[in-house]
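Next come two complexes, and both contain subunit A; in the first it sits with subunit B, in the second with subunit C.
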Partner chain A sequence: MARNKVKSGNMFLLITLLPAILILGGFIVLFLWGFYQSLTDMRFGRSRVDFEGIENYARLVGRSRFWESVSATAIYAFSAVICESVLGLAIAKLFNTKAVLAQWLRPAILLPLVLPPLSVALMWTTMMNPETGVMNYFLSFVGIENFPWTAKAETAMFAIVFIDVWTFTPFFALIIFAGLRGITPDIIEGARMNGAKAWGIFWRVELPMVLPYILLAALFRIIDSLNQFDIIFGTTQGGPGNATDVLSVSAYFTAFQNLYFGRGAAIMIVNWLMVLLTAMVVVKLWQYTRKRVGGYA
Partner chain B sequence: MHSRSISLLLNVLVLIVVFVLAFPIVWILMNSFKQAADVNSYPPAFFFQPTLENYKVLFDIAEAGATNYGTIKIQFLKPVTSSVIISVGAVLLSLIAGVPAGYALARYNFQGKEDLAFFILGFRFAPVLLVIIPMFQFFQAVGLYDSYLGMIWVYQLITLPMIIWLSRSYVEDIPLEIEEAAAICGAKRSQIIIKVVLPLLRPGLVGASLLVFLLAWHNFALGLILTAKNTPVTVALLKLLNPGVNFYPVVSAGLVVSMIVPICLILLGQRHLERGLTFGALK
Partner chain C sequence: MKTITKLTMASAIVALMGTAAYAEDFNWRQFEGTEITWAYDIHPYADAVVAYLDEFEELTGIKVTAELYPDDTYWGKLNIQLSTGSPDWDVVGTGIQPAWDVTPAGQLAGLRGLIEDPNMTSPSYDYEDFFPALRAAWTWDVAEEEIIANPDGEIWGIPHAFENMQLMYRTDILERLGVEPPSTLPELTIACEQIRAADPNMTPMAVRGVRFWSSIHTAPISIAQSYGVRDFVGTGDAMDTALDSAESIRFHKDYVAMIQACAPDSWANDNWYQVVDGLSTGTTAMAVDANMFGFWNNIEGSSDAAGKIAFAPPLTAPDNDEFASNIWIWSLAINGASEKKGAAWYFMQWATSKEMNVRGATDGKLVNPPRSSAWQAQEWIEYANQPEFNNFYDTFNTVQEKTSLLFTPRYGFGAAMNAWAVAMQEMVGGADVEESLSNLAEEIRDEL
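Here is the complex of A and B:
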């Protein structure tokens, strides 16, 4: 059957895969076109386009504003993902216990994930209003008055990372929860028989076994956070000043407000390279931890 | 500690987590029913006289001059319909193009199969703006700018890879023996797929469609740049912030509208959403 399938399947394969490949192939062409644009001085509304080689990139590298964008992108993505890993693990552990409410209320974990990120951004914008926002009302109970949130450069990055953490910690919790459920009671029992205490079991057994799951979630989220546009555009639009001017927001304004399409494309290529490099490192880490625990996740 | 007090502590912790996750949504829901004065008051009003005024302004059914916003006109029904048309269209096109591909990836062995599968998943993480910048000019040139058809096509960037990936995982859940048994009975491949595989696949595909509809509903960047009149809900929401007045109450009503659809989807298919959102880690 199997051999027969491969032989007679060529025509069938072509028919089934072709529509998808055609649609996605169109995007590849656009992607390559975008790369070409990044090597030109293309501007919107001007028909003349000159090939400039790496001119756009050279100009970027020489600007401190560009490096501030690179570091804002990295700070945003890494601090969000690290906070989300720790909190996600804690929430997954909590909802994996036998507590009655943990069983009943588990669907609530999904809530932030199903909302449009832009709606989440605007929702928090209204709640973080320094004068009338409900967040500062809560903070006033612990003695913090008029916290500026997105209104001041010093706190704006904290505020948008906070929004990312609220939105995507549930994603970590769900994936880690799947990992915890793979640890059967007899594994825990075995460790206990060998004399391990509760903390010992967590550090020596549970954590190594869920680590591949944590890294898998981190892989998905680091890619999305390095590309994050909606949450930042919906709250600070890169400001105040350029405190939160991550690469994607910077590329948007360069291309669609200043109408420098070539330069905007170059910024996005840099962003894409950042995503690619980071993803490769996390994949390597993930494969390493997975090998160590032998085939889980 | 006694096990009873531990259990109490755990339940309290669960309640705290759920409060943190649910409070913002409840708060926005409350704001959407408040008068403007209550929304902008400090300390915030937890008790108030509810009103439907914000929704009336949002959907432009308030009588002229009857609201606090004078002559500002919003027609929020239009973006809601646009979002529904684009999202449903995107899901349907993805099902037509993606399910056969998912089936092929699950059932056939050919060279470079895993590479192709990962390449397809890679689209999920492509920097959308890198494609939008050239896409904008292309759409302007061929007249797809601000059209539903163009939007349904670009949404495939988000929806198609997910449908392929999920339908592949659902096909793999169907035992191969069922298909082999049908083949032994003399059924043709097309018959097997239509009469045996598709019915078994249907619950999975319904779930995958829910998830992908959700992703399409979420999208903001594509609509921001590639539409002018046929904007999706997310873009229309941001435009609500632009008028010079403090528009928080009406924005809250708009937010509730944009959130109500996804929250209904949780009720419809919590299991499927969990599986889809975790890329199949949680079955």
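Here is the complex of A and C:
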């Protein structure tokens, strides 16, 4: 009787979990299918598909343009996330005060986050137009004329990182603000009684305690930034030349414009590996900082 | 009131004439009750057909669902629809260059059998009426990964309307600044310097610069022809790119100098939208692009530029008077996976008929019409020669004689020409011309 109850309980569990298992299985099958395609010479417009082993990968690593794409991907993602975490921390600190500006800014800062990235890209493309854009009008007040933004290889990467920072800094600010709110007044009071000044409290108490929050936000953002497509494709399309040809854009071009689908899949697998390895490092860092503050975050 | 009555009567007469033109000894209702989907770019060419879809449905009993998408979205969706073998779209809008990459796998249906079948094609259709250059461009045979030139080969698409590349300029701006329209590439560079000196806020010249082959198919390929540049030479296994030839190096040096002197700083991000916008708003004095953009902006009330855009042949090399103009042919084709090819052909046949060609053109939308009969039709001649269109009609006739598809037909067209566009951005950005072309040629040869 008891055994029957256990059996029916297990069956119920299995049935309730089945949709999740099927969805997860679907993801894994699709991923494996994509990986298989990266081992073939599949091209749109051609019916024959031959298995080529690692030839697509060997071809990639032998090309300087591939390494330029890897470098562009890393520069874009890391510089965006570092800038966002610093600015996000500063804004969160402002939010954690009773300043009137903070009260006003809290709801307004959400605005960039709710805009679709492609719309953000189109909006900034217009504003960054070197001749007619409003950004150069503002820069003219500080004596900078005709800044080329996305139009020149030398400044295009800066321009797209700037857009990413504008869009996603609020995400960092909100997460870090939540962390700061979690620091109880008695901790700050204790530090103050021990003679800590404002900078000391921030550096030795607040920062270590919100570091897990910063790393948690960084984890989400680094995954997204390493995969970023919309903002880059919507502004520079990977150019000028190959200056902003990050892996996701390069894969799109290779697969859907040049029609080499197998090679495009190989680039995406490399992109996935880059995301996976970076995410693992950030998770380790997060676990380490979390342990240091005693499971605070 | 009187005007409204007259217009109503005129419309009724035109509608009756249109119906009469199809009321011949041909069974237009063979596929009655069929529903088909037609996919196209959001474009005035699509509007020209959508405006009369009811008439087609009345004539044939075939229901047409038009799926129209923005340009960037459309091409991606088209690739996916065709390559996955989806039968959802029956008739698609496409061009010859993209078709080279998809016909070897049978992703478009051959049309010769349908055109030559009297049970499927109306006696009045007259396929030979399309300009010979356009028919020739849509005719080839295929083998695995290969496009085989054959003037009697398979026909893959029907021209719907086409663009030839010309120099367009704002007459009011050039007159104000005392600059003559140039005819050679170095003359253009000098004209740009004069414009910049006379009005620093004016962009002298706009051309597309984005890193897609669409940037190459307007100004560069047309002007390069006059320098003796060919994208490929030889055929079959002996095919080789000529983009690192001495002629190509000479052309690119002049072209890069021209872009640096003439184009706006945003050139690398500029697609046709920006090129046309500059011309229509008067922030740009000249442009080399498809001639119908000048036509549309000349229509009264369409823009501030109405009546102020004039036309000239594409620029040439300094030592060669012979210009050349490339074409882009918006065409209708049948998805190879369509399960309703008969009804799809009926729709294409109607949409590209003589009557629809003239109607679309005189509505100011289907410009340039691809049928020679349209260019002889009195109503189109009168419409296109109105003063607001300046020298559009005459320039078209001059340029059309030297208009052809200047790219070499080949599978893998997109990859090679996209690489050319990227190299162009690098050269304009300051990279050494010879080294860039050498790298480009090496990249292309690697795929041959």
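Here is the rule we go by: the second predicted complex is superposed on the first by the 284 of 297 C-alpha atoms of A that agree within 3 Å, B and C clash if a C-alpha of one lies under 4 Å from a C-alpha of the other, contacts with A are read in each partner's own complex, and residues count from 1 in each chain.
The rule we apply is simple: contacts are C-beta pairs under 8 Å (C-beta built on N, C-alpha and C of every residue); 3 or more make two chains touch, one makes a residue touch a chain.
Please read all numbers here as calculations on a predicted model, not as lab measurements.
K.L.:
Between subunit B and subunit C, whom does A:146 touch in the aligned arrangement: first, second, both, or neither?
P.N.:
So A:146 only meets subunit C here.
K.L.:
Who wins on subunit A residues touched, subunit B or subunit C?
P.N.:
B
K.L.:
Between subunit B (first) and subunit C (second), which, if any, makes contact with A:113: first, second, both or neither?
P.N.:
first
K.L.:
Could you look at A:240 and tell me whether it touches subunit B, subunit C, both or neither (first, second, both, neither)?
P.N.:
It touches subunit C, and subunit B stays clear.
K.L.:
Could you say whether A:47 touches subunit B, subunit C, both of them, or neither, answering first, second, both or neither?
P.N.:
A:47 contacts subunit C only, not subunit B.
K.L.:
Would you check which partner chain A:131 touches, where first means subunit B only, second means subunit C only, and both and neither mean what they say?
P.N.:
both
K.L.:
Based on the superposed arrangement, let me know which partner A:102 touches: subunit B (first), subunit C (second), both, or neither?
P.N.:
After superposing on A, A:102 lies in contact with subunit B but is clear of subunit C.
K.L.:
With the two complexes superposed on chain A, say which partner A:94 touches: subunit B (first), subunit C (second), both, or neither.
P.N.:
Touch partner of A:94: subunit B, not subunit C.
K.L.:
A:258 contacts which: subunit B (first), subunit C (second), both, neither?
P.N.:
second
K.L.:
Name the residues of subunit A shared by its contacts with subunit B and its contacts with subunit C.
P.N.:
44, 125, 129, 131-132, 256
K.L.:
Which of the residues in subunit A come into contact with subunit B in the complex?
P.N.:
Residues of subunit A touching subunit B: 1-2, 5-6, 9, 12-13, 15-17, 19-21, 23-24, 26-27, 30-31, 33-34, 37, 44, 91, 94-95, 97-102, 105, 107-119, 122-127, 129, 131-134, 137, 166, 170-171, 174-175, 177-179, 213, 216, 220, 223-224, 227, 229-230, 233-234, 248, 251-252, 255-256, 261, 264-265, 268-269, 271-272, 275, 279, 297.
K.L.:
Write out the stretch or stretches of subunit C touching subunit A in their complex.
P.N.:
Within the complex, subunit C contacts subunit A at residues 76, 79, 82-83, 101-107, 144-145, 203, 210-212, 264-269, 283, 411-412, 414-415, 418, 422, 425-426, 428-429, 431.
K.L.:
Using the touch definition up top, name the residues of subunit B that touch subunit A in the complex.
P.N.:
7, 10-11, 13-15, 17-18, 20-22, 24-25, 27-28, 31, 39-44, 93, 96-98, 100-101, 103-104, 107-110, 120, 123, 125-131, 133-138, 153, 156-157, 160-161, 164, 180, 183, 189, 214, 217-221, 224-225, 233-234, 237-238, 241, 248, 251-252, 255, 258-259, 262-263, 265-266, 270, 273-274, 277-279, 281-283
K.L.:
Report the residues of subunit A in contact with subunit C in the complex, numbered from low to high.
P.N.:
44-48, 125, 129-132, 146, 148, 150-153, 235-242, 253, 256-260
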